[in-house]
Amino acid sequence: MNTNTETMAAKGSVTARILGMAAFLALVFVAVPMFIAATGRSDFYYTLTSVALLAIGAAGVWLTFYIGRINIGQGAYALMGGYVSAILITQAGVSFWLTLPLAGIFCAVISVLIGLPILRLRGVYFAMVTLVLTEVARLTALALPITNGAKGITSIPLPGELSVLGITLIPDFSTLQNPRQAFYMVAVALMVLVYLVLWRIVNTRLGHLCRSLQQNEELSASIGVNTTWLRILAYAISSFFGGVAGAMFVSISQSIYPSSFVVQDSVNFVLYCFLGGLGYVFGPMLGTLLLYFGWDLLSVFKQYQLLIYSGSMIALMLILPNGILSLLDKKEGGK
Amino acid sequence: MEQILANGLYLGAQYALIALGLTLIFSLMNVLNFAHGQMYVFSGFVCYTVVVQLGLPFIVGLVVAAVVLAVMGGLIEKFLFRPVIRRSKRDESTMLLAAGIAFFLDALILLLFGEKQRGIPKVVNGVFNWDFRLIMPYDRILICVLAIAIIVSFILFMQYSKAGRAMRALAQDRMAAQLMGVDVDRYSMIGFAMGAMLAGLVGALLVSITGVNLGMGGPTSIKAFLMIMIGGAGVISGAIIGGFILGMMESVGLSVLSSYGDVTYLLIFASLMIFLAIRPQGLMGKPWG
Amino acid sequence: MEARAAWLNELGGVQIGDTTYDIQIVAFDDQKDPKRAIAGMERMAQEGVHYVVGPNVDDGAAAVRPVAEQQGIMYFPYSFPKELFSPPASNAILGMVANYQSGPAIYAYLKENKGVQKVAFVAANESDPLSQRDSGVEAAKALGLEVVSDKVTYQVDTTDFSPVLLPVLQSRPDLLVLSGVSPANAPQLIRSARELGYEGLISTETGQDASVLAEGAGELANGFISVGGASTPELASDTMREFVDRYTKMFGEYNDESNTKVYALEYIIETLKANPAALTDVEEYKKTIDTFEAPNPFMVGDAKLRYVGRSSFGQKRQVSVPLVVTEYKDGAFETLFVAEVD
Amino acid sequence: MTRMLDFDNVELYYDHVYALKGVSIHLDEGETVALIGANGAGKSSILRAITGLRKIKSGSISYLGDRLDGTSAADIVRRGIAMVPEGRRVFPLMSVKDNLLMGAFTRTDKLDIEQTLESILTRFPRLRERFNQQASTLSGGEQQMMVIGRALMAKPKLLLLDEPSLGIAPKLVQDIARAIVAISRDEGVSVLLVEQNSRMALSISNRAYALSTGQIVLSGNSRELLDDPRVKAAYLGGEV
């Protein structure tokens, strides 16, 4: 995830883009495992897996930004997705791999129902309602019998084998030598997929329509854009991402509680997007890496960890109020 | 019934005071102050330090806390929000800044005051008891009266003083206020300082009853968001009404629904979402803030 | 724990087998987020740590279980769900007395000595307090006490407990149990209950902080019954007193939580001394558990460090610390009675 | 007559797009000068530049012989320039009284402010009737009266009016025009009037400038311009 990759992607020439993509894939699938093998820091696997999954959630939040809405409710969908997966696995014996898309679809459907009324709201109103939504999700998980209330669902088995027509695509995780590496690979593959989808969306007609929505809703509505449908669609895709990320998390921790995704997580998703830069598809990915990984690295400062973390966040905001990737803007402006 | 209403009123008064500060900052600068709850906690600790560690009277603690928070608010506005607002492309960028400040205050509280629950001794002893129909400790009554007095003086200040008028004008039409010769920077700073001071006053008042601890900041902010959503963001009357409504709902819900487990807040949140879907600007707000 | 480690290092380290080691504590702040707790456990595994004290809450403890088992880590969580300590789980050791062990002892004592008949429970709506409440209700019923209220819960961030307690107190209990109450909530709950006119007993099964009670509830907290640390004046040895001194010098204020954690460290070190092979292999540690016994340096008399928990978990997965039940009085805890867990 | 305002060769742009390309206008004491032209011709930009709401790129603005560009908006009000902005911009949730008092924000003498307030209420009796009402409950015409009154509360020497007839019922446009004439006569205030309604603007002003795409295309005596066909052309945005 180095800046060069993104610079190239942003500049947009086709070959550069393909090269950037290849470099990125090589980095995450080959270089990172090699680095971990060489240094023996296998705990990075879990951290980077988390980064990948959180980046998926953040991608959803970014997409809602793209239609001009600040979404502080992604934690709700991550929690929902997690519970859907956990319940299906433990109570219906469904394979984890099947629950992954199901969790996403469930979240997307719910988000349409919730989105129809609330997507009419704008600015801080939408932001605050989605913040409340996170609390609603947590409190619902506490109150419902099927989620087992505050005690959560624990001892969820590891993902089983995934095979198509008798060919094993993904082996049973419990038989693996190093399930953490496997989780990393799956999570990163999912992340790459999600960002490809996101990137496609942005560069199609849909993306242009979203951009017009972000700039001026009345105007887009007046030139015949079906703004309601467009907003719902973007929000549903966003929530799908959230659900998938949540479900994947559950399979790693093998447990889920109402406290697994809370308001703080929802806020963090937004922060990842801001920090990375809202103007770039890869902004949320970079933001997640910096904030989440950065936190872990700062743990050497012990009691000053939070002070340094928040202090540098504020400093970054003062230097680059439009996100880290806004550095690229300046370069282009200078030419 | 009397008891439930009295509890609601007591909660409502302190909530309204929290919401006032938040809504003031929002109306002047369009900043959703995520750090509001942390400011409240910080002030509680300041008051604790003055009263328990230095052994000074409660009223001194209250004043010191208010002053410290006002200064802190002013500095935060001048050195953090102002430059970021000036340079960022989107208003929302201030959210990241506010969240960063919230984390920073948390860290500061942890380092300065530790992670323990802290409280100061009761300001007055004794309990008002009306035939077991209405029981209210005197210190709660005192705090409630103080909170309402602060709310009233805040309203009077905003209504009748020149600075209050300038801030209202700034909130309603920034450009027109500028044309009247209102110094936007100066009054944004004053407004932010006052908002922080209000958060500080509540924190200092409540440290004598509920105490403070590090973890209270976030939930306090969320509750404050709720209140200004109910009443309408950026409107003073809305914040007060929102505060009292939430206080009442909480009091009634906890009493009536106690046999169904912990569903009060779920119901409050859910009904709020439905309410906002129907009336996005809240009870008193302007559409779209 | 850091204080004890520094102290032991100052004394020249700890001799395990033929080698003398300095103790190094690796800290990780999980911020009570289960996701981060997992990351922390992975970090520990990474740094070659085999013995972890924590996490402190249920969801964190459950979340790290898979990692601990895969990576060969023994951990001492401060959370009570029995499945963490009962077979097939074998890597977790309960570092303190569980509420389902202290609860029955307290209720029995109060029933006999204070004539308690009706009990009411109130708990925060979170995993730990709820599980504590449920086992408390069970224990009370087993003793033949009448449970008059056990449905009321509250949010941990509640600032005004009067509306919460109102319906509970209307059921007129003799004993109000604050299940798994946090030190932050306890003074508020006590204060609200007293201010609402409640005159019966109030108790909890968890440790509390006297200074927090004094600040938050003042004399209204007098008579509050809780589980104390193992450092009460009657029990504490010179070693314990010196430890408290050192701790106070390092961190300013001494509290119960660090008390139980110093026990965990002592158990780890002593068990390792008994079987040096466990230094790198937790399976060896597990083998030693059943027979391990060493003198307890923190207590007067001939108290022993040994593992218990067979009746609760079906295997020895708990450290033996004395169960000290205390009563709050004017800013300090006074010992009511002392019991032991098997 | 003393030169009151000199707006000399000013360039101004919004985000790389020119709003004014080397515009020069002037205004003498006691004069009423109109700026006319199509929407987006740059009329309002001139006012925004004078009041300091927009920074100019080059050129200079002087007022009574002193440079005005670069000083703060508050200072400009204090020096005697008040503006009635386009779209009225009342403070909707404030009473008429508070709206008017806001106009005197930079003044400090309470007694003096009372006198000004009294004279404005005498000039616009409708405002006295609605004195304690919220501004948002006023009709468009009443609001226009109020914001003119609000500007006069500053006791200005130069009054800038931005599209005072916009969105006002035709019958009331005349009232407003009359009020402007009366104000400039009674108070000796100089007026710079921006209007799309060129007929109204030309009928009450001494001189006028016509703008098109950020440049002055025509200037002269208002009475003569009233019948000039080139004025119409300026509205179409073409070359004159």
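Just so it is clear, A, B, C and D label the chains in written order, and each chain counts residues from 1 on its own.
We take it that a residue touches a chain if its C-beta (ideal position, glycine included) is under 8 Å from a C-beta of that chain, and two chains touch if they have at least 3 such contacts.
This one's a predicted model, so the numbers in the text were calculated from it and none came from an experiment.
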| item | value |
| --- | --- |
| Each chain counted as touching chain A and chain B at once | C |
| Busiest interface, counted in C-beta pairs | A-B |
| Innermost chain, where centres are averages of C-alpha coordinates | B |
| Between chain D and chain B, distance of the C-alpha-averaged centres to the nearest whole Å | 41 |
| Where chain A and chain C are represented by their mean Cα positions, the distance between them in whole Å | 37 |
| Whole-Å gap separating chain A and chain D, where each centre is the average of the chain's CA atoms | 52 |
| Distance between chain centroids, defined by C-alpha means - chain C, chain D (Å) | 75 |
| Sequence positions of chain C contacting 2 or more other chains | 125 |
| Shared interface positions of chain B, touching two or more other chains | 261-262, 265 |
| Touching two or more other chains - residue numbers and ranges from chain A | 142, 264 |
| Overall pattern in which the protein chains touch one another (line/ring/star/complete/other) | other |
| Pairs of chains found to touch, sorted by chain label | A-B, A-C, B-C, B-D |
| In the complex, chain B residues that touch chain A | 26, 30, 32, 34, 80, 83-84, 87-93, 95-97, 99-104, 106-108, 110-111, 218, 222, 225-226, 228-229, 233, 261-263, 265-266, 269-270, 272-274, 276-278, 280-281, 288-289 |
| Residues on chain C engaged by chain A in the complex (per definition of touch) | 27-29, 32-35, 38-39, 42-43, 45-46, 58-59, 62-63, 65-67, 70, 81, 83, 125-127, 130-131 |
| Footprint of chain B on chain A - complex, ascending | 70, 114, 117-118, 120-125, 127-129, 131-133, 135-136, 139-140, 142-143, 263-264, 267, 270-271, 274-275, 278, 303-304, 306-307, 309-311, 313-314, 317-318, 321-322 |
| Residue numbers on chain B that touch chain D, as the complex places them | 162, 165-166, 168-169, 172-173, 175-183, 235 |
| Touch list for chain B against partner chain C, complex | 3-4, 7, 10-11, 14, 48, 52, 114, 116-122, 127, 129, 132, 135, 137, 140, 206, 210-211, 213, 215-216, 219-220, 250-251, 254-255, 258-262, 265 |
